[in-house]
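Before any comments, here is the structure.
Lettered A, B, C and D in written order, each chain numbered from 1.
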Amino acid sequence: MTLKLGVIGAGAIGQDHIRRCMQTLSGSRITAVNDINPDNAGSAVARYAADARIFDDPHALIRSDDVDAVIVTSWGATHEAFVLATIAAGKPVFCEKPLATTAEACRRIVEAEMKHGRRLVQVGFMRPYDAGYRALKATLDSGRIGEPLMLHCAHRNPRVGKNYTTDMAITDTLIHELHVLRWMLDDDYVSAQVLYPRKSGKALEHLRDPQIVLLETARGTRIDVEIFVNCQYGYDVQCEVIGELGIARLPEPSAVPLRSEAARSEAILMDWKERFIGAYDVELQDFIDGVRAGVLRGPDAWSGYCAAVAADACVAAQTSGAVTPISLPAAPAFYR
Amino acid sequence: MTLKLGVIGAGAIGQDHIRRCMQTLSGSRITAVNDINPDNAGSAVARYAADARIFDDPHALIRSDDVDAVIVTSWGATHEAFVLATIAAGKPVFCEKPLATTAEACRRIVEAEMKHGRRLVQVGFMRPYDAGYRALKATLDSGRIGEPLMLHCAHRNPRVGKNYTTDMAITDTLIHELHVLRWMLDDDYVSAQVLYPRKSGKALEHLRDPQIVLLETARGTRIDVEIFVNCQYGYDVQCEVIGELGIARLPEPSAVPLRSEAARSEAILMDWKERFIGAYDVELQDFIDGVRAGVLRGPDAWSGYCAAVAADACVAAQTSGAVTPISLPAAPAFYR
Amino acid sequence: MTLKLGVIGAGAIGQDHIRRCMQTLSGSRITAVNDINPDNAGSAVARYAADARIFDDPHALIRSDDVDAVIVTSWGATHEAFVLATIAAGKPVFCEKPLATTAEACRRIVEAEMKHGRRLVQVGFMRPYDAGYRALKATLDSGRIGEPLMLHCAHRNPRVGKNYTTDMAITDTLIHELHVLRWMLDDDYVSAQVLYPRKSGKALEHLRDPQIVLLETARGTRIDVEIFVNCQYGYDVQCEVIGELGIARLPEPSAVPLRSEAARSEAILMDWKERFIGAYDVELQDFIDGVRAGVLRGPDAWSGYCAAVAADACVAAQTSGAVTPISLPAAPAFYR
Amino acid sequence: MTLKLGVIGAGAIGQDHIRRCMQTLSGSRITAVNDINPDNAGSAVARYAADARIFDDPHALIRSDDVDAVIVTSWGATHEAFVLATIAAGKPVFCEKPLATTAEACRRIVEAEMKHGRRLVQVGFMRPYDAGYRALKATLDSGRIGEPLMLHCAHRNPRVGKNYTTDMAITDTLIHELHVLRWMLDDDYVSAQVLYPRKSGKALEHLRDPQIVLLETARGTRIDVEIFVNCQYGYDVQCEVIGELGIARLPEPSAVPLRSEAARSEAILMDWKERFIGAYDVELQDFIDGVRAGVLRGPDAWSGYCAAVAADACVAAQTSGAVTPISLPAAPAFYR
């Protein structure tokens, strides 16, 4: 049976998921759309999903018999309430990151889901669905490079706007590494430290850029992540794993090798939206397939909670300059 | 409206397309399946498409009201008849390569489609849907390397079975280059020559392997294609375009860069089925979208005819050793 | 004992060899210099070799007791006479390419050297001294890629002047491949064919550019060499050997990997003089060491003769368009 | 005039320098050799420098009229005395690293040289003579990547013996980075910190391996150097400079690109001796040329002192785990 999806939040990313379900993915259709701005909902429906009903009340959408599962793409501050309501309705929910805006709120979602007794929540962290990260993890899991000892990572943007603040290097940028590296290593963070290199002359007055975040995991793996959001040259995500026997690296995005104008070259993407574009399709298809099969396998609420806790520690470390512990309880059996 | 597809031929590739439509692609479902062996049809329906009807008579399938468009994945020798019948029924048809087993048969399909007056046929050449070839063509079309003057290409398989004969280097292997290079260059072939290098000790007694095919186009571009089907090391497709201003090359398939055991390395695929796996999805989705939009844009019957004519000349050149002309009429306006 | 060298021809390359012997290499010094233009000789001596004597008569230089061995860097048309005179004097001679301007003249040198009874001649083909070609040959000789079956090569210059004519693509450009590939494969050429692709709009009116030369060897190896002397983007020499078990490629010249301006890139040389600059040092040091040890090991007169014979066939093939045989007698035991 | 060199210390590296001067480099010869073990001196002379005199007393060698300059390749603990004696004799000296075994001893050499009034000392740090590091520095100096903000470096060995202790990761291994990075950045270190990742199962019981050293420079550039001396896969030196506008990287050593056995690959060196083999020639030639021209340009005594001070701080940081300041006086005008 075709899965009936309701979407709460019809902004850019909401509309993109609607388009995806209606035109690219298999097995679902959009039957209900809500947005705090009814015009957004209307235009999304007009463009992609003529048969969908527009709901003024998101909670009515969640309860509707025409909705088998919910996609939450509204403003971050509203995520907790909509996810909790969907759990209360006993329906699966795909929630864009962040799962919630505080670690405590994430924890409440975790508790509610465990109380419900079955996984209902998938968080919209797309990197575990990227073909490159999957191939890298498969290499690690194969044992070919032995146990991972160190990771050298980088997350670079060509430039950011004036609203981007120093802490957003953690909460908007590093958050992706915090999630995907934990998944890749199957390990938890135990401490964080932040270094500030010489500031780039291209960074705005108020912003510390670049930054280096040092993380340690429970097994002792050391991770350094360079965050450099005014690097000028491109959107560039790097991940190199040094193991006991060898080194594996995240593949570069595919590009046409050129010889021209006295150089061999391959293009680097300038726009982050293109970097993981394929992963969004795989991610949402996996949610749809998981709901239909009755078994969600994507990023769970616990991983959203862990990312939030680690991010809080990193933000604290930005200010203190000190090695900051990251305290996580053991993962409940429910999530193992 | 969801497109209703009938499939003629439920062997390996037929079943793969059924799975694709039912589980991966958007906008279609399989409603009818026929196979010369009814068990094949039955097991395909059981596995992927429970709602599909099994037809004993392929022509009844073509005519059925439950079938909006037809996928022909039967034995090559039957393609012509099924494609002509589908055209006669005024329905779109996706036909796996070859369009037909002779150039004359391809020509008859071309004539029938022109007589019908609207494009109905898409041939299953998947390389124009490969992301690498598309990026390479986009580079050419951008003018960045100027006019193309020469192409150096290779099509290598690790090994082939004893049923693979010398002429199959053209009809089974080179056929993909013949199609995709014509599309990429938007140019026609005018001659072919075949060279036989020293034979590999790994090739079976009866087989000339490797071979080099030299092609010339109407604009004077020279193409060399190395065909080497017992190269041992991997399935490897290469395409390098030398232009007036620079060189562009087909990207390598993505692989994890490794440092281990005294080498930097990246894996090469051993199985051809993995090389263009993504392209099959894009190809069939484009057919579905094209049918629903009323405009087919994929490989047309004329391109199937041109590939067949060029292949015939190459096979003749294999025997004669001479430079063999390739004679094609001007493309009818219908196909431009 | 320090080797005393006399130089005939103090133009650009002669002066460069003088500088090399005096400032970079070990075991020799320049004791005598001759040039058809005495000012050239004088300025070379003034700049690099204050103790050298200037000879008006090149034959007196050859006979001088102050000269142990001769370097011939005069105009090509004079090479034969100077090399023959040096052989007659029983002294070793390093002769810049071409050994002589015709195959017959090369043959006369071969005969004279054999009559003398000991190797005295080294021809200034530097590519066998290039670290990249040596590494490539070592890979072939290791058996790692099995027997060589095909070679794909290219020799590209950014642009050439108006004095560069179509036949110079053979005699000035391809001549290097003709020599080095024979050395690398330890095999002789048996035929040549020349193809003319669509001409580059960047080539001058009178010049066919690019060209493709197809060579066949006695063991059946097929070689294609693209010659493209107005390729715009750089000086680029490529050599790829396809063997029964794998492929080995000439390494790219070392360059700093950059990420900047939306691209990963590495510089390509624009000036051919830089490409083999290290090889000239190794080449001449090997001559010096060989003379001192009494055993020359570098490119011999026979290899100069073979290159001349092959070049003649390629020039004939440029005009005829036909597959042109290359007839070489078996190598005399003297040169094996 | 040919430079007359005396060598103190005829062990492996001493003999290698003797061979270099006699067989490879231009402008010098070995006239005197001393070793604490006279047999070493004798065999070196017999093998490479028949005309050299064997000295029992190194100080007699230093004073000999047959010695224009001295090469010190004896045991590290003796370096200070021999270098000071050569300065006292007013002769140039090439001293293998370490310049001396303590920072204080290095400082005494610096004081002696300044008192003498002219540069006489070159320290045997060879990396500034490596073609790759020179190209990388040229890229930085060109301004193409803007001001350097961060460096990510690695120094990896396949394995080490049981005599290799944790502090040797600094004094034997990192010492090269400490010297070359200061040269490349033209900047001084101000602090060091050492992190211990999870230990490799391949490291012996007593050794912490790998280690990560974090350095900060006066201009705020942050450097991380991974030291991993049991990495198994190869001898691998990495250096990546992240600038305001782009990234430049140390080139990989040249290797033949292969396609074989399901992989594209290039060999990684296993033996550190091969990695900088070319740099040793350039280094010693530069010393010879510098002495003959009266101007030494290679690594000076001050840079040897700075490396020693930084190494001391890193060793302290290994034990304390704390961020350890590196205190250097401003460079005397003499060395600027």
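We adopt the following convention: a contact is a pair of C-beta atoms (placed from the backbone, for glycine too) under 8 Å apart; a residue touches a chain by one contact, two chains touch by 3 or more.
Each chain and its UniProt protein: A, B, C, D = Inositol 2-dehydrogenase.
Values in this document were obtained by computation on a predicted structure and should not be read as measured data.
Touching chain B and chain C together: A, D. Comparing contact pairs by residue number, the interface of C-D is reproduced by A-B among A-B, B-D or B-C, since over half of the pairs coincide.
Separation between the centroids of chain A and chain C, computed from CA atoms only, is 59 Å.
With each centre defined as the average position of its C-alpha atoms, the distance from chain A to chain D rounds to 46 Å.
Once the centre of each chain is set as its mean CA position, chain A and chain B turn out to be 37 Å apart.
In chain D, 232-233, 245-247, 255, 259-261 are the positions where the chain touches two or more neighbouring chains simultaneously.
Contact residues of chain C toward chain B in the complex are 146-147, 149-150, 152, 195-202, 210, 212, 214, 219-222, 224, 226, 228, 231-233, 242, 244-247. Remark: chain A residues 22-27, 131-132, 135-136, 138-139, 144-145, 245-251, 254-261, 285, 289 touch chain B in the complex.
On chain C, the positions that touch chain A within their shared complex are 232-234, 236, 252, 255, 259-270.
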